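Naming follows writing order (A, B and C), and every chain is counted from residue 1.
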């Protein structure tokens, strides 16, 4: 039995080394997120020494820093992180479930549904605040159920769901364009939020519903991480491994849509974050364990870094969605070409 | 699902409907288009009489009613031509890619044309309609080539799913680039935003004259490649076996399709779904022979866009709903219906 | 290892409007190899999918040890009954060892950790299928035969007493087909695993199976030992094909020779071992 025990050893070693790499990557991503968060607080239009930033954070009143850091930068950074985490989690869940990196909520219409509802609520119904969020979440879920229901024929096929989502998305986007073109004294910056996504004018109060959503939905998703992983082997294989495929699909749809819609109601559909986080995380982590946590962190990093670029590193001030959208394009095409070359996953 | 439906995209021409129904549908369709033209002249924010319409067509613009009708003539013609171009372009694209979901809107070609025009306006101070048209055609061509290349990598070639995803993804990317270009330019943002919705309002005879050569060239090239598309419908290998030069045939037909949708986008803005819906309807009416399908698609496309424009004028009176919105609302459910009808394996 | 009993009772199943299986009864002999054969679209795969609870039957039920499998908890069922679908999907870039260890899924709870027992199951599965050397290679890079062995290894890591396979030999050349079938025979002999598989090749099915099930148009046409089922009459009824059955000179099991339109049995030529 020597060959058996040597096989056993090499398998265990292999598994350990991959788990090790995964831990290193997650730690690195976490560190980068914290570093970007700190950078956003410390260095904006003006420099605020880290000591002063810390004093603002623990609630002291620092002349010249309390407003810039406490009122402007902190809410913006917090909202960026939370929205990024939500987009990253929601995106990778859909991609894993449908086994297709292109089938993320921003491509299959869920983001546009939430966004269209938010625009409609603000421009036509003159609502604001939490009501807009509720409207957007309801619409996001509505679109998801609509798309899911329409794709139902002897069970849901990922392919059909994706294509129907694209159709619905096209309809919703033309509705957004129409409402925005009609709005009389519509502020262009505000319009940008609903077209490409932006964290301008963030307030700390907005973070609470998002944080609550992230805790509930994110927790539920994480507890199902292993079943979600099994789905990557195909529905039949996952069922053969004892996964209740129909139930896990429903759980994923509800939680991921909740996350995406809550974030979209506040920041608009920040282009490509949901779409890019999963594939980037997969490249970093490799094929070891669930992608949920690394992908959430990548999402946060994308939004923080994109917003910082858009504000300070480009000749003109851009909302974060324009930066992530433009930066995402080349990567996206690379990804489409690569996915298709290996076939199978569609 | 019947086998006939399944094979309708690859079936050889003689599987089409018997010739008898074509000779019924042709006069019916022409009659419908004439009726729609008349309605388009009659209906608008101002009510006019029949005599206003007749005398305006005769060239009189004396009364307010006659003047209103005179304004509607170029608009009607533009809707007719733009719809014909889009319908034809969609039919050619579906033929070239052998893909039931191909459409200039879905494949992101319209967004590509829009991006090119926006860059031309914002960075190069482009103003003339000629420049708009050339730029839009260039943008449309590059995007079509890009999407098709990306979508046809790998196993199974350009399947509907891959092409559609590549198109949708490209659309999103280009849309954010459009915004990136427009945002720092408050002076042009308003104009571009209303152009992007897609409409035929504000048409003049001058603009019609400027776009006419492009549309005619596209029309002639498309109709000329009908026979080639019939061979391509059998698959590349078989088409080559029948003596068709596959790459050349595909290149000419694609160029025609790009010419048509690029020129239309330059004048009207991106109008989606006409190119998707029309060929499907026409296939039901006259079968899959491209020698019938292509002319019919342009006829029905013109009629559809006219109808959409009229609906847009009625639905939101006294203001107007752009025809691009109407077609999206009619076309998207149609798209979904086609997707549901297909078997997953064929996607 | 207790032998589980699997059977189908009055099974009616299908997709959407069309019924593929109608009122089908089947008893799978325990600790034996069963092969299901039949013409294209006769419902072979549908039967296998229903028996492994991928498809919910319209009427009737599939019983495992007397209990309907559609009422058992999915995870508990997955510890008893394994399935290898026709075209499983390997996630991009996944290594063989990682893929095989996915077979441990039903043995793990939501938060339970990976144990030495899991490692042992994976190592044993790799060894049985002779894929230990491939362990660290990406699945994408393997040949068809190697890949099929890896998938079987994954099903083995699941450690089930019943294993259902949908055309495990498709797309494999003849030597790899034999390799896979030999491997399944080893499993059956060494551990008493009950194996049910859909096979296209009648002669391989007759040689490797203890129990042959012939299906025709959604119904069970014949079931029994290969020599009872593989007869000229049954081949004619199930496949619409004229044939001669001779004795396989290697195994002594029946061997089918198709005739076709352009050939007839040469007069005077007597098939080997006809009597």
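As a working rule, contacts are C-beta pairs under 8 Å (C-beta built on N, C-alpha and C of every residue); 3 or more make two chains touch, one makes a residue touch a chain.
Worth saying up front: this structure is predicted, and the values here are computed from it rather than measured.
Enquirer: Would you identify the chain whose C-alpha centroid lies closest to the centroid of all protein C-alpha atoms displayed?
Expert: That would be A.
Enquirer: Using only Cα atoms to place each chain's centre, name the chain farthest from subunit A.
Expert: Following the centroid criterion, the farthest chain would be C.
Enquirer: Could you tell me which pair, A-B or A-C, is linked by more C-beta pairs in contact?
Expert: Between the chain pairs A-C and A-B, A-B carries more contacts.
Enquirer: Rounded to a whole Å, what is the gap between the Cα centroids of subunit B and subunit C?
Expert: That pair's centroid distance is 51 Å.
Enquirer: In angstrom, rounded to a whole number, how far apart do the mean CA points of subunit A and subunit C lie?
Expert: 42
Enquirer: How many angstrom between the C-alpha centroids of subunit B and subunit A?
Expert: Going by mean C-alpha positions, subunit A sits 34 Å from subunit B.
Enquirer: So which bits of subunit A are touching at least two other chains?
Expert: Subunit A, residues with two or more chain partners: 153, 339, 342, 344.
Enquirer: Where in subunit B do residues touch at least two different other chains?
Expert: In subunit B, no residue touches at least two other chains, as defined above.
Enquirer: Can you list the residues on subunit C that touch subunit A in the complex?
Expert: 15-16, 49, 52-54, 74-79, 82-85, 87-95, 97-99, 101-103, 105-106, 108, 110, 114, 116, 119-120, 122-124, 126-127, 132, 135-136, 140, 155, 158
Enquirer: Could you pull out which subunit A residues touch subunit C in their complex?
Expert: 3-4, 7-8, 10-12, 14-15, 18, 99, 153-154, 223-224, 226, 229-230, 232-234, 236-237, 239-244, 286-288, 339, 342, 344-345
Enquirer: Can you check the complex and tell me which residues of subunit A touch subunit B?
Expert: Those in contact with subunit B are residues 100, 102-103, 106-107, 150-151, 153, 157, 159-160, 162-164, 166-171, 174-175, 177-178, 180-181, 188, 192, 195-196, 271-272, 315-316, 318-319, 321-322, 324-326, 328-329, 332-333, 336-337, 339-344, 346.
Enquirer: For the complex, which residues does subunit B have touching subunit A?
Expert: 101, 105-106, 146, 150-156, 159-162, 164-166, 168-170, 172-177, 179-180, 183-184, 186, 189, 193-194, 196-197, 272-273, 321-322, 324-325, 328-329, 331-333, 335-336, 339-340, 342, 344, 347
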